[in-house]
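The following blocks contain the structures, represented as structure tokens.
Look for chain A in each of the two complexes below; its partner is chain B in the first and chain C in the second.
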Partner chain A sequence: MTREEIITKLKAIATPYVLNKSLLDAYNENTDFIKDLEINSANLVDIILDVEDEFGIEVNDQAMDGMLTVNDAVAVIQKELSK
Partner chain B sequence: MLHQEIIEQLPYSEPFLFVDELFHVAHDGVSGVYTFPKEAYFYQGHFKNHPVTPGVLLTECMAQIGVVCLGIYLVAENKQTSLEGLDTNMLQIALSSSDVQYFAPVFPGEQVRVVSKKIYFRFHKLKCEVSMYNSQNKVVCHGTIAGMIKPRNDE
Partner chain C sequence: MSKRVVITGLGVAAPNGVGLERFTQAIKNGESGIRHFEEMEKLKFSCQIAGQPEYEKEFLNNYMNPVQLRGFNSTGLEYGVIAGVDAWRDAGLTFSQNEPYWDSGIIFGAGMSSADKYREAIYRVDAGNVRRLGSSTVIQTMASGISAYLGGIIGCGNIVTTNSSACTTGTEAVLMGYERIQSGKATRMLVGSCSDSGPYVWGGFDAMRILPSQYNSNPTAGSRPMSASASGFVPGSGGGALILETLESALERNATIYAEVLGGAQNSGGQRGSGSITAPNNQAVQRCIIGALQNAGVTAEQIDTINGHLTATTKDATEITNWSTALGLTGADFPYINSVKSMIGHCLAASGSIECVASVLQLKEGFVFGNSNCEDLHPEIASVISRDRIPTKTQAIAPRIVAKASFGFGDVNACVLFKKYEVNE
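And then the complex of A and B:
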């Protein structure tokens, strides 16, 4: 799976949790889920659980703490997929 | 004994404590009861001359028994500490979502039973499927409630 495919899938996963959809217009690899998309920490947990299902991976607590931006998430997903 | 310890660790007091007794606490769920006092202050206004327990307080009761009591147990279990060793003054607790449907009214003085099943507890978020029953064993309300619960020093 290419980096671009992962970034696109992440947007689709995050979209249901974004209250103000216009915030998604500026979505890019540097987007911060909480600061830029105004997602709360509880919904960020659900996004990570959806990521686990979508990519068939398991995210541990330590990796979760570092998943603040799209770039962070891509790094975790790519690392897990390569295992 | 364990059940009473969990209740003592709850960060609530009168008039906003909605847990009397727990029957069953395990890593996959919890059950307990609460009796809404006949003389509770909110019946003066909900409704005028027609006291009925507010749905928002039924949800609160479900959250306190079904999510917070279970959460305290799970945090203690995860930290592998006894409940005595767990300082819940140091717990951060927040309701994050509730999706509840109501089927029957609860009148002053009625006892309700809450049964909660854990859906997941991941990354400090506890999500549960929670049902409330009245003394006739009829479903009063049912839904999913989630909250964040974590020790303050555990970032």
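And then the complex of A and C:
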């Protein structure tokens, strides 16, 4: 799976948790889920579960703590997919 | 001097009507919200009839955003949010955009929170899947879930809490909010209560054999408060809410005033004497009613109508005797009395608040709603008060003072007095 494909899939995963959809217009690899998309921090747990389902991986607590931006998430997903 | 407290908004999600207008019509017309539930039949319940507010799922979009509705699985929270938000809007109030409303609080009761969500979580935990619960389990199943949801939607900055005292819960919330405003600790309080629908809530009562089993093919006849053929309460669910505020604040913002809260009382029978965890101590019930009158500064003769607890068990006759003894009134001198439960069943933790809404509507709109299913009045009741005190059809009588009481497991009682608001007072 290419990096671009992962970034696109992450956008679709994050979208249901974004109330102000116009914030998604500026979505890019540097986007911070909480700061830029105004996602409630508690919902990051739900996003991780959706990521696990979508990519067929398991994200442990340590990896999750580092997943604040799209770039962070891509790195974690790529690492898990390569295992 | 303590503050005068008035009611400026109402909201309700009841089995016979969701929304104030619909509910008002329903209680005036004696419409039943009791129906047969296939699920209860499939699960081998003795009682297969119940009351549940009805609406399309999309209706919730008027109250909660898509993120709040994701992973949402709680009927009680739905009813509480509908009723609470409706009451807030009905009072002409808006949601805080930024700073919390420091002088507005919430006391919104529940018997339990989100039985269905909890069930969902239990299955996942037992399967070793605790990490798959997601973020929505705690916020829905915590006892204070409903006050937390409403507090966030509105932006309240005063006390935000949930009270719980079984079937007394809703009426207790009204009294607690009243006292908070009266003592000057808040200007405005959203008070109310809600209760889940479904077999996991109702099953325990079915097991206690206090629900009727012989009306499964005739649901609307099943809830029979004060009737000789009453054989148990029909389980219900829903939510009711009231906005209480200082008279001063209501006048200042030119709000519609539904009624004034004159006062009330709460107590417990200590599970002594005739009292137990499931039965009321009659002495305590009478003391609660007498205490409420004293607190409100009202004499028994001034009460125009009573909205009773009256669930349709054998305890109804005892309740009437308690009222009669406490008020010192019998026969034709006894006030009118009615029970919302004849139309919607016993909405448990939500019953007190839904019934307070019904009580206040009678004052505002000038009617005393009729009791369904008690044409065959219980002889013990007939020996205490006159038949015409228990109207079977809605009466075009404008009551000025209504007494509302609720009694609950734990031997707990609450009684509140509402009065029609008259401008020149």
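Heads up, the rule we're going with is that the second predicted complex is superposed on the first by the 83 of 83 C-alpha atoms of A that agree within 3 Å, B and C clash if a C-alpha of one lies under 4 Å from a C-alpha of the other, contacts with A are read in each partner's own complex, and residues count from 1 in each chain.
Methods note: a residue touches a chain if its C-beta (ideal position, glycine included) is under 8 Å from a C-beta of that chain, and two chains touch if they have at least 3 such contacts.
Please read these numbers as outputs of a predicted model, since none were measured by experiment.
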**Report entry** Contacts of A:Leu81 with chain B and chain C, given as first, second, both or neither
**Finding:** neither
Requested in this report: Mind working out whether A:Met1 is in touch with chain B, chain C, both or neither, as first, second, both or neither?
Outcome: neither
Query - Partner chain(s) touched by A:Leu19 [first = chain B, second = chain C, both, neither] - result: second
Requested in this report: Return first, second, both or neither, reflecting whether A:Asn40 touches chain B, chain C, both chains, or no partner chain.
Outcome: both
Requested in this report: Pick one for A:Met64: touches chain B only (first), chain C only (second), both, or neither.
Outcome: first
Query raised in the report: Which chain A residues lie in the overlap of the chain B contact set and the chain C contact set?
Result: 40, 42-43, 45-46, 49
Query raised in the report: Residues of chain A touching chain C in their complex?
Result: 16-19, 40, 42-43, 45-46, 49
**Report entry** Residues of chain A defined as touching chain B within the complex
**Finding:** 40-43, 45-46, 48-49, 61, 64-65
Query raised in the report: Mind pulling up the chain C residues that touch chain A in the complex?
Result: 65-67, 70-71, 132, 134-136, 139
Query raised in the report: Within the complex, which stretch of chain B touches chain A?
Result: 94, 96-97, 120, 122-125, 146-148, 155
